[in-house]
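What follows are several structures.
You will see chain A twice below: alongside chain B first, and alongside chain C after that.
Right, the complex of A and B next:
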């Protein structure tokens, strides 16, 4: 018996493959779409049955409320805490990584010891940190959370940056040292540009880790530096949930990360694959 | 005046003793080549001169200043690395200007010096390109440009031609020699390639096992090697070494073949020696033997043409030796030939000490 012609079989296969892909895309993208859609819906549309698949008219009331009540400020808090802590973690982490990579500071195993700090469940130390912060008067302050996020990001930054720095040919640095640079200038003029992709990739992940933190923000903030992750949970009530606020706030919280990843995608892909090649 | 003076230099890496007490003085403007097999300590020595490695003992003086503990940038040196060490994110112009910018030279001066160096090296048209857009030879030129633009007292080259193919290597060798003549600067050049050492050097320091085995002009080392190692390392094809004994002005090889030494040649009587004969000093006999020459019959076993010359293997004194003939002088293996050995240039080595007698 003869089967379908070869080209026909190939086309069918292709169509099936596309259908499968489309199905998966819908599964993954739908919740995000739904989040965005809710944030633009009126309360009536949110609870309508059968569901309203897309808002009849785009209205920004849900967002306006967040700004009017001052809730949107929490996104600003998250932005400040994550950016500043990422900045410091990258500076200190890269310097430490350079020291580990080039001077074998602390021997071969210090790097492993540092990254092992990352494996500790944060909740295990939340209580001692809280007591310590109460004593220092750092609860609900920018400095408290910035220092904490910086400290928690450092092991990751050191581990990643050490790998990227080790990939830079040593001769490039030696040549710069002979040409008239000191170690700091070598770091600035050779190591940073050479490890640029890795630097951006690491920074993005560090930023996202701090951005997504919920536990410490919950324990260590009250009213002044509440982050958006904590703020969102305020809308889940015992009696009812404020779906419009949850959606609008979640969208606000997603946008900065989305923009960061989208702008630095080029470096992200290169940075991640650099690490991958090294294994 | 000497631009470089090394005294009693040692370098240890843990228990490994890489450089074992080196003394070396390089006069101003001299091209000194450090040559030796891998692991002999030549690169370590160069890196210690550059300040990239710390000396374990001894002193390094550059331009009369003791720089043993000085940072690399305070040593008035420029260095060319084996793998070019060009910054991939800077174009050729900025790569060459890097050292000048690091030393805060004025922009107008940088521009002048970069362009002059680029002209000298024939890379003026490449200034706006990035290293990835250059061939190996062009990259090496840029690396050399980076060094010469600095106008340093001492230029260090660490196997700069090793990554190039044979043809380019020859071209760049000529280029480096020409640059040295034009600039007249002191150069310390590390290589494991004896051809590079012979062609470039004013003086060669042949290193072995962390020590200088012999220091002298290329001709000195070639014609008057101090040890068996030097005799064997320099020259291509390698020198032939034949175990023998000396008696009454005559060298007797293992199989009883007797080779008469030139009159007046000093040799220890009745002692076992090793006779060193360079392939170039074994010719195909065309006339009667000149004074100090010995002629013998032999049979060609193997022929390796190299262009105008041909390397032939043949038995002598119970072992197979190599000789170098003109290409037209040999037909095929099995050919019976009469060879002419120039005993004036033979080397006699004491097998106990490996020193040349």
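Right, the complex of A and C next:
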């Protein structure tokens, strides 16, 4: 390659990069493709040997079964639990973050304590919470899981929103105070609108984290508020004839996440890195 | 400045009250509750609330299955975490320079990270199926004969299966964060294309690595903690089997609490885990200066 003109080398390099990129995309996307493909296959295609690489025709029978049996209702449960808990976590978390960011409430210790709550392994917390919920009668209820998801989202919301709020210029809040707003009005009229994009991005990730939860739902639901993640595992036990249900239910639970994240690409990095990188 | 910094006395506490109340309600209160239980002999079938002293904590030290599950957890961690980090870094370099369609390619690569881990596990369970799954089929093409490997049952293959799935789901996470971190480094230092190998490695070692280190260590911390509590993927792929071969600490805690109904003992395990993590996390946070 020594004598090749500089731009030629650059072009070869680009082609090489595309080849590697294409290879990676195939590796990382193929499992998801396979999941979607199975959800559209007929039983004959699912259990063909050697495997059929794509469904001959798109048919929605596997989904229809889920709706007919009422299993699809678990996606609705996930939706209610995740959205209500996200709503409360955003309100309580943002005002707490404001307090931490502007007034240094509790010093650094409170901030560290809050973030350390998120680092605890859910299973270590799940058992105590289960005992506690049995005592309260909150097992398999919306309120129980909503409170749990809200509390579990709070450290993330507080951590992220503190970063966003610190970026708002202090002068805006001061002039609002001078103009006669009280403290709460400053929050609603200045801080929330200024942090709007941060609020939006944080809310989506909070929603996705609750949406993807499995362990708490497994421990704390029975029949009434089963989430889609738990429902997917209900099909594991039986023989392979439940494959179509596993795939279709997984796809139902995955599409909402894909759509939300697709609309929020520019916040992706900061959202999943807990603000470690300002995206 | 003065007006903002000196609020009406209680305002700042009102703001933080609901969040702290909720964290105490489902964070601290159940912990205290189970701390009490861990000193009793409660099982789900028998409610012997008499004080049993340290019986459960002593039992921890004699519980071979517990320490094995910790070992399994560490095994998965020490293999998966470095691979995710190095692969993620290599991928970040690949996508660092502009190329048409980069945005789309990156978004496609990130998909595994945002799906639910239980769905990821379920997906790989289907992929790994010995007869109808595509993985054995593809291996068979290369081997020249059908390969009926039982990925989720064969003791020699279960760990590779779990680690494949884990790496597939979380390498994009490392990739995305490292890509962002590298993008913030001076471009002339990261342009591998323009400089020769030796100079590239030197600039990486002495300039780029220190620059991305803070972000990288947070990513390692987040992933390390996630790996320590790995549950969903294993539950979906092997459920801890064959036997207890892939039982991690989270799976074992779950089994003790919700299958064996050993309430008091499970509470003791939970405290062991919390104690271990508290020590590690506190050390890591101070070490990395995360507390500012």
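One rule holds for everything that comes next: the second predicted complex is superposed on the first by the 249 of 279 C-alpha atoms of A that agree within 3 Å, B and C clash if a C-alpha of one lies under 4 Å from a C-alpha of the other, contacts with A are read in each partner's own complex, and residues count from 1 in each chain.
Going forward, a contact is a pair of C-beta atoms (placed from the backbone, for glycine too) under 8 Å apart; a residue touches a chain by one contact, two chains touch by 3 or more.
This structure is a prediction, so every number in the text was calculated from the model and none was measured.
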### Message
By the touch definition at the top of the document, which applies to A:84: first (chain B), second (chain C), both, or neither?
### Response
neither
### Task
Name the contact category of A:252: first (chain B only), second (chain C only), both, or neither.
neither
### Query
Is it chain B or chain C that touches the larger share of residues in chain A?
C
### Message
Quick check for you: in the superposed arrangement, does A:72 touch first (chain B), second (chain C), both or neither?
### Response
neither
#### Entry: Partner chain in contact with A:195 - chain B first, chain C second, else both or neither
neither
### Task
Name the contact category of A:181: first (chain B only), second (chain C only), both, or neither.
first
### Message
Shared contact residues on chain A, chain B side and chain C side combined as an intersection?
### Response
174, 177-178
### Summary
Note: in the complex, chain B contacts chain A through residues 50-52, 71-73, 75, 77-79, 81-83, 85, 87-89, 98-99, 102-103, 146, 150
### For the chain A and chain B complex, residues of the former touching the latter
169, 171-172, 174-182, 185, 189-190, 193-194, 196
### Query
Across the complex, what residues on chain C touch chain A?
1, 3-5, 7-8, 11-13, 15-16, 18-20, 22-23, 25-27, 29-31, 33-34, 37, 91, 94-95, 97, 99, 103, 105, 107-120, 122-127, 129, 131-134, 137, 168, 171-173, 176-177, 179-181, 184, 193, 214-215, 218-219, 222, 225, 228-229, 231-232, 235-236, 249-250, 253-254, 257-258, 263, 266-267, 269-271, 273-274, 277-278, 281-282, 285, 290-292
#### Entry: Of chain A, residues touching chain C in the complex
10, 13-14, 17-18, 20-21, 24-25, 27-32, 34-35, 38, 46-51, 53, 92-93, 95-96, 98-100, 102-103, 105-106, 108, 110-112, 114-117, 119-132, 147-148, 150-152, 154-155, 158, 170, 173-174, 177-178, 183, 208, 211-215, 219, 229, 232-233, 236, 240, 243, 246-247, 250, 253-254, 257-258, 261-262, 265, 268-269, 272-274, 276-277, 279
